[in-house]
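A, B, C and D are the chain letters, set down in written order, and residue numbers restart from 1 in every chain.
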């Protein structure tokens, strides 16, 4: 069972499964190839699992151990049943929570595998002739367990906050930076010490402290910042897999680790970049709490115009070009289906309708895209920021539904604004702006007032997004 | 001297040099980062060379052999002197030849290294305990030598054709496809046989046949198709390096091989794609000969308008937007410098001047870009096809200088044309077209007539490109 | 496989990861999160190795628990990705 | 390093090569040809190994010849690339 005695075909199989995982992600470069990409991923995973099953048949007294085999297959079947059921039942709007929950499982699995390797190093081929565990492997094991544990506890908190089981507010402990730094240093110190002393207490302490630091790191981060955190934890789960791959000398795990690690890191980077915030400031926490504070109350006295569903319907019917900008509010109101109907009705009237999606609209990367796809909006009617930005000048109506920060001109002009520097849609170039939100008081994620409310060409449509669009559809159908 | 006993730092150093080569190519993603990229490449090469020198000190009777060391350093110094002098002296327009000449050297070096490994397998650590050469290594060695030899002889022919030492015409032997196929099969057979019998005649035969097939493959390809061939040989030289890397278990060589191999293959693909021809049809040869035949003589009777330098200068002075489309003729005439002066003069008159470069303008990828850069045209005034295509409708003058195929509307309309399907500039949308070439008889690379000559808004400026632009500049300066 | 080989593979894989993820279209970032989640459960390889080792009951039970968790992720992750991707349609297909 | 490790590194490097070359801007395709030429002369490593082996005079002379050729390429390739790249200027710098 030593890894060096794995037959050549098995090594090639692991390499093949790594390559298939690369092709899986590569498929996501366009919706057209994405489905076959996902299939490559499944094949890659099947190859990795079958190869391991075949090369690691449990044996007692030299003969295959049927009970042990049955237990393994049962474990897989159990996991499969739970996994498939969850995947079938879950609502598309609950995606962020689901991803967080799944991450916690990967993290915990990594911890368990690390502990199992510690308890039975012989099976992992990391035993020195002296009977001690190879010190190199101890480092990899220690790091794998630590990263796994952080991923687990961090993801649990992220899940609870996203799912509303825990207040989304940022919970700040006094002196938390010192505590966190101390804990991290202690973990690293223990991993170093572990190479000298392979006692159980060392690995137990690493595990425990890592669970704790995971909680501590994520608790102070506001609920709204969770997507960045989830992505970061995604990245961690990749590095944990890679660390285990170093221990097992397994190409599939190493390649996967690097892929997943990069993916999470790049998505976090994209989010931070699009929000014009530094990763550090997100991780340092506290930003997500601001909305409750409510900003710019003084400005709310400025005049604004309210419109009705009938007004909106009338104006859009007459329009030539309408650009729809969905945001987080559309997700909250689950308005994607009625919105699609609205677009269909308008097209029947000869209106040219396009959807414009900001890179950070909603609360996770690609959030709006997946919701519109769910509502059967073809992806070639959906445009990214840079592709549609130039078209606002020709647009008769910019129809903003549940978006706020992503259309806030303060990002372009007001250096003191927390969103300054974030690219935003040039909605003010459109002839008419329609703005759906529930109240004039409510602010977006960044908690700042929006000048668009008070523009001459703006018509505020105050109501729940789904309700409002339904009313517009009724008026359009007349 | 066995490769497995290389110290860990040396292995890491080779990995580092591979990574630096990746960064070198990565730097080329924009002109701004390209210079530091090139520096990474140099550092990577220095690391690889120094690591090898230090880990492979020639020894006689256990002590370093000063004479051998001096010989090696002298060899490097000699190469450096020749290389640097050549690089300094070469004209930018002679780039295609230079690249071909350099490739031939890489190919020959690969052959020599392969033969050296055959003669002294112990030094390369590929000796079995039995005293025979490891059969795996024999395959790698055989393939490395074969690819190297093909690269060498093919590049020599490419060089001679590009440099004009040999007729650019496609030379067709009867039955060449059968001869070529037979030779290739023989080479592969010999490489296979080599694993059984390591006799000198086998490796000698492989070397000789590979030299011959290199000649045979390239001779029938017309001079104008050489850029695709050079790129393909570039790719080969990469695979040869990779094969040697497998023999030496050297990460730097393997990574480089993969990089260079992909680079050549992708550039060939881009060229073929942009010319809308299949790679096979280029390699099968004969296309480059067509220009001499001259096509569409019947059509030449259609009316066309000739203009003078003064007419051109007058019209452009009055224009608001001028788009300059350079092509192969600009390179032949070395007109880039005077063209830049023309652009400067026009800008002084308040004209908005842009350069538009087709992906296959000229005779090698990026040909026009490097010539314009040489003439100090800032790269932000130079646009690619897709970025400028939309602007012809607003252009007052499309100024075509030495280009032909890349503006031929037959590519869009005439299914029987050899360039059908190749994307071309929409010059016919411009108010006025100015077309510099030497004569109405001359055709472009593809050897087909061009409807643009006979359009109402076209003014033919028949002269050598440099001469014509100089005259225009004189008229502009008045 | 020695450490340097593993490290080399890892370094190359990081470059591949970097490029392949940047080439993912933003519209598919949510499925990307789901599918990376699924493939990171390749950690199941380690879990299976542990479960199969009859030489330590504790280690084998830990392994089995990890197998359950990893397979939830694998099946759940791929299934939910497939569900999402099935929704992305182009205009032609309606 | 065993064969599978080398193969794995090679496969990963091919992916990297694919992505890195596609990301090269078309304006720099000529320098790309020159610089790949220079780096493919890393074959000099093999040439140096052969030259340093005092156990076979023939092999060592072949190696030395290869060293000369490879260094022409290395120095010539990097130098000509540097010369070309030095010409690419943006408007601001003039």
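Going forward, a residue touches a chain if its C-beta (ideal position, glycine included) is under 8 Å from a C-beta of that chain, and two chains touch if they have at least 3 such contacts.
Given the structure is predicted, the values throughout are model-derived calculations rather than measurements.
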item	value
Relative to subunit C, chain with the most remote C-alpha centre	B
Distance between chain centroids, defined by C-alpha means - subunit A, subunit D (Å)	40
Intercentroid distance (Cα basis), subunit C paired with subunit A, Å	15
Subunit C and subunit D, separation of their C-alpha mean positions in angstrom	35
Junction residues of subunit A - those touching two or more other chains	11, 18, 22, 251, 255
Residues within subunit C bordering two or more other chains	1, 4, 6, 8-9, 12-13, 15-16, 20, 23
Touching chain combinations (by label order)	A-C, A-D, B-C, B-D, C-D
List of subunit A residues in touch with subunit D within their complex	8, 11-12, 15, 18-19, 22, 251, 255
Residues of subunit B touching subunit D in the complex	1, 3-4, 11, 14, 17-18, 21-22, 24-26, 28-32, 34-35, 37-38, 41-42, 44-45, 48-49, 52-53, 56-60, 65, 68, 71-72, 75-76, 78-80, 82-84, 86-88, 90, 92, 95, 98-99, 102-103, 105-106, 108-110, 112-113, 115-117, 119-120, 122-124, 136, 230-231, 234, 237-238, 240-242, 244-264, 266-267, 270, 357, 359, 364-367, 369-370, 373-374, 376, 378-382, 384
Touching residues on subunit D, where the partner in the complex is subunit B	1, 3, 6, 9-10, 13-14, 16-18, 20-56, 58-60, 62-91, 93-94
Residue ranges of subunit D touching subunit C (in the complex, touch as defined)	1-2, 4-6, 8-9, 12-13, 15-16, 19-20, 23
Subunit A-facing residues of subunit D, complex	4, 7-8, 11-12, 15
